Amino acid sequence: MPAFDSLNTWAAVQAIRQRGPVIHNITNFVVMNTTANALLALGASPVMAHAEEEMADMVAIASALVINIGTLNQPWVKSMFKAAEHAANRGLPIVLDPVGAGATPYRTNTVRALVAATRPTIIRGNASEIMALCGDQVTTKGVDSSEASQDAVGAAQALHKSLGSVICVSGETDYIVGGGELVRIRNGHPLMTRVTGLGCTATALCGAFAAVTSDPARAAAQAMAVMGIAGEMAAAKAEGPGTLQMHFLDVLFRLTEDDITRRLRLGP
Amino acid sequence: MPAFDSLNTWAAVQAIRQRGPVIHNITNFVVMNTTANALLALGASPVMAHAEEEMADMVAIASALVINIGTLNQPWVKSMFKAAEHAANRGLPIVLDPVGAGATPYRTNTVRALVAATRPTIIRGNASEIMALCGDQVTTKGVDSSEASQDAVGAAQALHKSLGSVICVSGETDYIVGGGELVRIRNGHPLMTRVTGLGCTATALCGAFAAVTSDPARAAAQAMAVMGIAGEMAAAKAEGPGTLQMHFLDVLFRLTEDDITRRLRLGP
Amino acid sequence: MPAFDSLNTWAAVQAIRQRGPVIHNITNFVVMNTTANALLALGASPVMAHAEEEMADMVAIASALVINIGTLNQPWVKSMFKAAEHAANRGLPIVLDPVGAGATPYRTNTVRALVAATRPTIIRGNASEIMALCGDQVTTKGVDSSEASQDAVGAAQALHKSLGSVICVSGETDYIVGGGELVRIRNGHPLMTRVTGLGCTATALCGAFAAVTSDPARAAAQAMAVMGIAGEMAAAKAEGPGTLQMHFLDVLFRLTEDDITRRLRLGP
């Protein structure tokens, strides 16, 4: 008999597969294909669209909005603000990925302005990005974190307090800071850091789970649980980052209740 | 002895492999890599280019033009019009993919204007997109169809009558509406809907076949036959959408006459 | 006992894995994902960024700059010039991929202007591109070469003489033209030409090796050696271009000293 799944992740996976929620992504060029594929494999219906002219209409048919600044420039940022405004008006969950915050002032300032204007439902980043967002001085390695995830828990708590957003810091342990108790998820595999865009995929999955789970801290935890579990199952079959990426999509597609309840490693 | 291949698909595949026609794609960010790889695996020579400054020159070295509005915005749309104008002047086949038509007025209006100005040789879309293009009211799921392909045959026939374009509606059964008899292709596999961009790949392959087959309805049917056959062969070896995508390219590269004649399922 | 590795490639691979140099790429939409994955698999830390506002800051944290004009347009070209200027001021290696030079005057003129302004440390292209850059009349097949690599050695030598840049012509045999003796590398596999972006990947890898090897001709040769060796190892396990691409990343990640010394085929 499978152990109790305290995050209710399996019910959420089933809901995504049944409803196929439309997830509107304004994301970066590097990961558009792989995050669309991850959302499809999970059972959601991804849309990638960035033209200012259609932001209101695309948001209107979506169940969640995912904004990722990985390859930002001004016209895209303008559309991000516009989409977020419409999503907020419709009460849609907004998930933000501050890719590379701290690496350049342009990124840091843009993402801070986005956060201030949109108060995202969930912000998911690595430790460097969350610390940069909080105003901490960080040395970054471009878009890769130079800090361990536990070192960003204080910044995450400060951000949550000031914004009300759920803050998810991903790393060897993932931390989810919301209204309640700090959630720690200890799934995943080091090989995942050698595949580009798995952090962005985690953010996109936060959007899918937020579309079916009303509590955003719970939704973020479900997404990180599925990422970590699917990642470690894929890594077990992989010979390197190429095969990992391929198996990851297969595992997402075939994920069972038993996979989740047997593998989920919460706290402490 | 292989059965008769009534669409002459194998001869067309051989022609593509021998001639390596240059296919100029103005397509979306999600699928650029995967459609380029599919064209290469088939034997064609893909070019992805969108700068207005080089549209005339790039069209001049191409054997077909493929336009896909998946992640459209104004500068790209401008280049699409320009490339189509030059392609029409040179008598090149133009293949159009109205990704997400019906999802937003911006998409629907842009694609209608493109169609009116360029009278594409072939238009390939899912049922929702073809119905939206025809002016039918549709409810869409973003870029995924909410209608079955047979429900769009009437719209396809109306579009063909008014434009002269070959209309290809893809779905569980693919319908090709041209001057002659309605062609139905019953190949493919449901898992293909869980890989992003296989519809866009079908459109790109229409371009490759149109570059070597003068009858555009025949070319579209050949492309859909190869898509469906390669897709079901890949699905037979796949454990999910990740492996399907990988095997799909291998199968395209290794496709034999026997694969086509034994597997092709035409009408009724 | 492994044979002597005259290019010192293994030491450079180890240095990349240990240091994880940040490689700043301004590259094309087709290959962003696959080149980021190749750099990660090798051990480097890729950044893809193109906004003019952050070029100076991104270059400041990078160990090499890679510029690839595959899907160029004016705003991107502006950022390429800006990034190259900052990289030159910081003494960073600049690697340029003149994708499709010769295919359209816009490409040829843009890349010539880039070369004149930035004097790249390394230029890597196929034969058609290098010949076009040198001013030779070439007939191109879009972004694929219509010439054999040995036919471009003269153009490469002329370019090296006028610019001082190391010129790397890739093809069945790769030629590296620098200050010293002409280096020929005879690794690789024909199936690699059926995967999009492996040329662009070679260029990105030149950036990673230039970040750890001070002699740019040596760095380019190391990159081409690793590309060719990993490509032929992946091809040996592949059933087509789909599996080749996946195995290629695994092989890069797992590459050993023994793989290099046993397989490297230099000259004559």
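Read from first to last, the chains carry the letters A, B and C; within each, the first residue is number 1.
Following the convention adopted for this analysis, contacts are C-beta pairs under 8 Å (C-beta built on N, C-alpha and C of every residue); 3 or more make two chains touch, one makes a residue touch a chain.
Just so we're clear, the structure is a prediction, and the values are computed from it rather than from any experiment.
Trainee: Using only the C-alpha atoms, find the rotation that maps subunit A onto subunit B and quote its angle between 0 and 180 degrees, to the nearest 5.
Mentor: 120
Trainee: More than half overlap in residue numbers between the two sides of the subunit B-subunit C interface, or less? Answer same or different.
Mentor: Result for this pair: different.
Trainee: Centre to centre, by mean C-alpha position, how many angstrom separate subunit B and subunit C?
Mentor: Chain centres of subunit B and subunit C, defined by C-alpha means, are spaced 32 Å apart.
Trainee: Please set out, as single numbers or ranges, the residues of subunit B touching at least two other chains.
Mentor: Only 29, 33, 245-246 qualify.
Trainee: Spell out the part of subunit B that touches subunit C in their complex, as residue ranges.
Mentor: Spelled out, the residues of subunit B in touch with subunit C are 20, 22, 24, 29, 32-33, 36-37, 40-41, 45-54, 57-58, 61-62, 75, 245-254.
Trainee: Can you check the complex and tell me which residues of subunit A touch subunit C?
Mentor: Residues in contact with subunit C: 28-31, 33-34, 70-74, 100, 103-107, 140-144, 193-197, 238-243, 245-246.
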